[in-house]
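This structure is in C-alpha cells; I'll ask about it shortly.
Think of it as A, B and C in the order they're written, each chain with its own count starting at 1.
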Amino acid sequence: MISTRRDNLYGYIFILPAVLVLGCFFAYPILKTLYLSTAEWNMLSKPKLVGFKNYIRLFQDGDFYKSLWVTIYYVFGTTLLNIPLAFLCAVALNGAGRAQGFFKGIYFTPVVLSTVIASVLWISVYHPYSGIMQLLPLPSHLKVQSWYQRPDLVVPGLIVFTLWKGIGLYIVIFLAALINIPASYQEAAQIDGASFWQSLLKIVIPMLKPIFLFTVVICVVYSFQNFAIVYTSTKGGPNDYSKILPILIFENGFKYYKMGYASALAVIQFLIMFFFSYIQFKVFKSEVE
Amino acid sequence: MGFAGAGRRIVMKALLIALLTVLAFLFLLPIAWWINFAVKGNASLTIGDTLKEIWIPNEFLLFHNLQSAFNLYPMGRFFINSLIVASVVTFFELFIASLAGFSFAKYDFKGKNIVFSAILSLLMIPQVVLVIPLFEVVVALDMVNTYRSLVLPFLVTPFGIFMMRQFCYSIPNDYIEAARVEGVGEFTIYLRIIIPLIKSAFALLGIFTFLRQWDMLLWPLITLSKQAMYTLAVGVSLLQTNVQVPYNALYAVTLLFSIPVIIMYLLFQRLIIESLTMSGIKG
Amino acid sequence: MKRHYTRTALLVAVLFTVVTLCGFAGGAQEKVSEVDITFWQHSYPPLNAWTQKHIQGFMAANPGITVNFELIPFEEYIQKVFTALATRQAPEVFESDDFTFAQFIENKALHDIDPVVFGYSNLGDFTAAFERNSLELVTVEGKVFAIPYDWEAPVIGYNIEIFKKAGINPQSLKTWKQHGQAAQKTAVHDSNGVLTTAGMCFVHNIGEYYQHIGNTLFRQAKVSILNKNKSAATLNDPNADRVFQLWNDMIFKYKADDPGFTGSFYTEEFGQGRVAMGWMLTWANSILAPHDYKKGRDFDLIPVPTFEGGDTGTISSAWNWVVNANISNAKADASTKFLSYKSDQGDTFLTEAGLVSPKKGWREKVSSEDLALYDEIFNSLGRSRPHDPHPKYQEIWKPIIKVFQTCEVDPNANVRQLLKVGEQEINDIVQ
C-alpha cells in the first residue's frame, strides 16, 4: 500500500469517530491518573503532591511483588490453557458438521451468564460438602477443603473457573475465522500427501496469525484486568494468594483511601501490560505490524 | 482414499463427537446446578445427604423465586435500562469500530501506528483507577444519572477496533482496488464491500459488546445513584446484601435475564450463517 | 425478508438512541419544595420498607421538606460514597460505619448535628437521650457528628438440640477453654474429615468481621493495638498471643471450625441445625426468622466467653446516619430534623427491621415477647464499650488480618513471630 493523499484523507476521516469518543472521555482520566500517581489523595481532601514517593514505596512493597507474582501466574496459566484449547476445540467443531451449532451453543453458554453470579456459583462448586467436586473422580485430598481456601490451589481453581467462563468466546472467534478459510485449501494440501495435522500446522495456523495475535493479546489483557471474577470469588484471599494487581489497586484506592498510591500501582501495571503486549506483537510478527 | 480410508474417517468423527460430548457435559454441570438452585425453595439450597437430593430438585419454585426478586426491587425497570444501554452501545460500536478497524488495516497514513498503539494501550489501563476521573468528566458534562453516562464513554472500545482491524486484514486488496478502478467512493467501499466480507466479525463483536454492556457492573454501580436508572447488574447487586442473600431468587433472576443475551447470540449467529450461504462476492 | 429484518433493527436502534440522548431519566417526578434532601441507604430488605414508611411520615409532618430515598447495594456502599464525595455528588444524608467515621472526621466531611434542631436544649440532654455511651464515639470536641442506629453487640448463639444431646450446659461456658472443649465435643465430621456440623463458627469470609470479633477478643485479652495517643503500635504483647492462638486452636486443635465451612455468614447452616455455636449479632435474629428458627425453641443466646483472668466486656459497633458537610444550613437543618424523626421510631425499628436503636424511649412500646429476643443482646450492650478507631483504621488492620488468616491456614503458625512483624508494619503506617 502506497501512502496516497486519498489514504491520508480517508484514513483520518474513518478513524475520527473512534478517536473523538476515546479522546473525549479517556484523555482526562489518563492524565489525572498520572498526576495522582505523584500525589497522596484520600478522596475527601485535596491531593497533596509528593513527587515519586509512591513509586519508591511501590518498589519496596512486599505486597506488590506478591501480587505481581500471583497476577503473572494467573494470566499465564489462563492464556496458555485458554488459547490452544479454544483453537483445538474450534478445529474439532469445524469438522463436526451439523452438530457444530449445538456444541458451540453449549460451550458459549457460560459466557452469557452473569459474571458475578457465576463467581458466586463456583464458590459453591468448590464447596467440599456438597459441591460438584464431590462428583468428580479426584484424589480425596483435593476434595477436603474448598480450592478457594487453599493458598496452593486458589489460583488453579480460579483458572479453571475462568476457562469455563471464557473459553466459549475464543472458540467462537476461532470458528468464525476458520469458516473464512475455504476448506479447499486444506483439502488441496491433504491430496498432496500432507496429514491432517500437517495441513493444520503449515497452512491453517499461519493464515490465522492475525487472529492468534488478537486472541492472545485479548486473553492476556483481560486476565490481567479480571477484577470482577477474582474479587467476587475470593476477594484476593486466602491470605492474599489470589490478590491480582487490580484487586491490590482497588483495595489501596477504595479501602485504604490511598488513591495516589493506587494510581501509581495502576501506572506500573499499565507499563507491565504494555511490555507484555509489545512482546506479543513482536512474537507474532506478521506483515501486519 | 478407498474403503479403509473412509472407515477411518468415520471412526475419527465418532471419536470427535464423543470427546465433544464429554466436554459439553462438563460445561453443563455447573449450569445444571444453577438451574437447580433457581428452581428450589430457599431452605433447600445446598443440603442433601444423597446426590439425588442435591441434584434433582423435588420442587419447582422458579416462578415463586422470580416473584420474590421482583417484589423486592423493580427488576423490570432495570431490565429495560440494560436493554436500551446495551443495544445502543452495540449498534454504535459495530460501526465506529469497523470503520476505524478498516482504516487501520487497509489505509496507510501518517502516524497510523502511533494512534493505533495509543488506542490499544487504553485497554491496558486498570479500569479501577479510571472510575473516579471518568466520573468527573461525566459530572462536568452534566450527564450524571442519565443513559448518556452509561452509553457515551463506551460507544467504541479498543477491543472492538483491534478485532475489526485483525479481521479486515483477511480481505484481499484486489477487491478494494477493483472497486476503486470502477470509481466507487471510499465510504461506499466500506458499506458495500467490507461490511459483507467481515460479517462474522460483525456478529462476534455485536455479541461481545452486548454481553459486556449487559454484564458491566463497576461503572454503573459506582456512578448511578437513582434507582430508576440502575441496570440489571446493579439490580442483582442490590439483591446481594451481606447477609440473608436470597440465593434462589438471585439465581432465578440471573437465569431469566441471560435470555436476552442468548437471543442476541442467536440473532447474530443467523448473520454468520447467512454470510456463509451468500455465494461469493460481487466481482 | 433480510431487508425487512435489517430495517427493523435499524429503526429500533435509532429509537433507542434518541431515548438515550434525551436523557430519559424517568422515576418519580420530584416535587418542587423549599428544601430537597437525598438519603442514601444501603439496601437491607427489612430496613428498606421501614425507611420508606417513615420518610412518608416525616414528609407529611414537615410539608416544606422533600426527602429523596435511594437504595444503594451494600457491597460497594462506602466506595460509592467516597466517589460521590470526591466528585461533589454526595447526598445530604448517608451512612457511615464506626471505622470510616474517623476518616470522615479527620477530613471534615461531616456536618455537625445541632442538638437544638434535633430537639434538645443542650448537648447534655442530647447525650442522655441515647443509651449507655452510644453517642460518645461520635462526639468530637463537644459536637455530635453522627446518629448511631443499628447498635450491635456480640453474643454466642447455640443450638439447643445439639447441646441437649451432648449433655452440656451452655451457661457453664465461661472461658474460651471451656468453650473450645464444648465445641470440640459437638463438632461432627464426615468420613473424609470434612466438617459437617461446626462446633463454633467464627466468621472468616466477611472481611470486617475479623475486626468486629478481633476488637472484642483484644479487649478481653486486655490488649490494645495502639497506645493511648495512637502514635505507636502495642500489638506485640504476650497477652495478644492467646487471641490468635484461640483462632488457630478452634480450627486445628478443637477441630470445631473451618474457614471453608460456609460461603458467607453462617446463618444458613445455623438455621439447618448444622452449627452448635456461633458468633452472633442482633440482626442475625431477623435473618433466622424466615428459617422458622426460634429463640427459646431451636436456639438461644449466651454471653461471649472470655479468657482466664480476662475482661468480660465486649466491643459494640454501630452503623451511623451522617450529614454531608458541604450543604446549605437549610438543608443541614432539614437533615437533622429527618434524623431526629427516624431515631424516634425505635419500637418499629425492632419489630419491623429487626434492629436495635440506641435512642431511649422505645422499649416500653414494645411487647415483652418481641423484647425477649433481644434482651440478652441488649444486656451485652451494657458491657460493651464503643471503640475509637484511628483514621487509618483499615490500613492498620491489614497486618492484623494477615495474622488471623495465617492462623487460619497454618496449623503451626508462630504467633509470636507474626505479632512482631505485624507490630512493625503497623508502626510503619501510623508513624
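Heads up, the rule we're going with is that a residue touches a chain if its C-beta (ideal position, glycine included) is under 8 Å from a C-beta of that chain, and two chains touch if they have at least 3 such contacts.
Everything quoted here is computed from the prediction, not taken from an experiment.
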item	value
Highest C-beta pair count, chain pair	A-B
Chain of greatest Cα-centre distance to chain B	C
Centroid spacing, where centroids are CA-atom means, of chain A and chain C in whole angstrom	36
Centroid distance [mean C-alpha coordinates] between chain B and chain A, Å	15
Residues of chain B engaged with two or more neighbouring chains	46-47, 132, 136, 237, 240
Residue list for chain A, restricted to those that touch at least two other chains	43, 120, 124, 127, 129
Multi-partner residues of chain C (each touching 2 or more other chains)	76, 79, 83, 86
Chain C residues touching chain B - in the complex, by the definition given at the top	2, 12-13, 16-17, 19-21, 23-28, 38, 40, 43-45, 48, 70-76, 79-80, 83-84, 86-89, 91, 206, 264-265, 267-268, 271-272, 274, 283-284, 286-287, 290-291
Partner chain C, residues of chain A touching it in the complex	42-45, 120, 123-124, 127-129, 140, 143-146, 148-151, 235, 237-240, 254-258
Interface residues, chain B side, partner chain C - complex	42-43, 45-47, 72-73, 77, 84-85, 87-88, 91-92, 131-132, 135-136, 139, 143-148, 151, 221-223, 225-229, 234, 237-238, 240-245, 274
Residues of chain A that touch chain B when the two form their complex	1-3, 6-8, 10-12, 14-15, 17-19, 21-22, 24-26, 28-30, 32-33, 36, 43, 89, 92-93, 95-97, 99, 101, 103, 105-118, 120-122, 124-125, 127, 129-130, 132, 134-135, 164, 169, 172-173, 176-177, 179-180, 210-211, 213-214, 217-218, 221, 224-225, 227-228, 245-246, 249-250, 253, 259, 262-263, 265-266, 269-270, 273-274, 277, 288
Residue ranges of chain C in contact with chain A within the complex	76, 78-79, 82-83, 85-86, 103-104, 107, 109, 190, 192-194, 196, 207, 258-260, 263, 392, 394-395, 398, 402, 405-406, 408-409
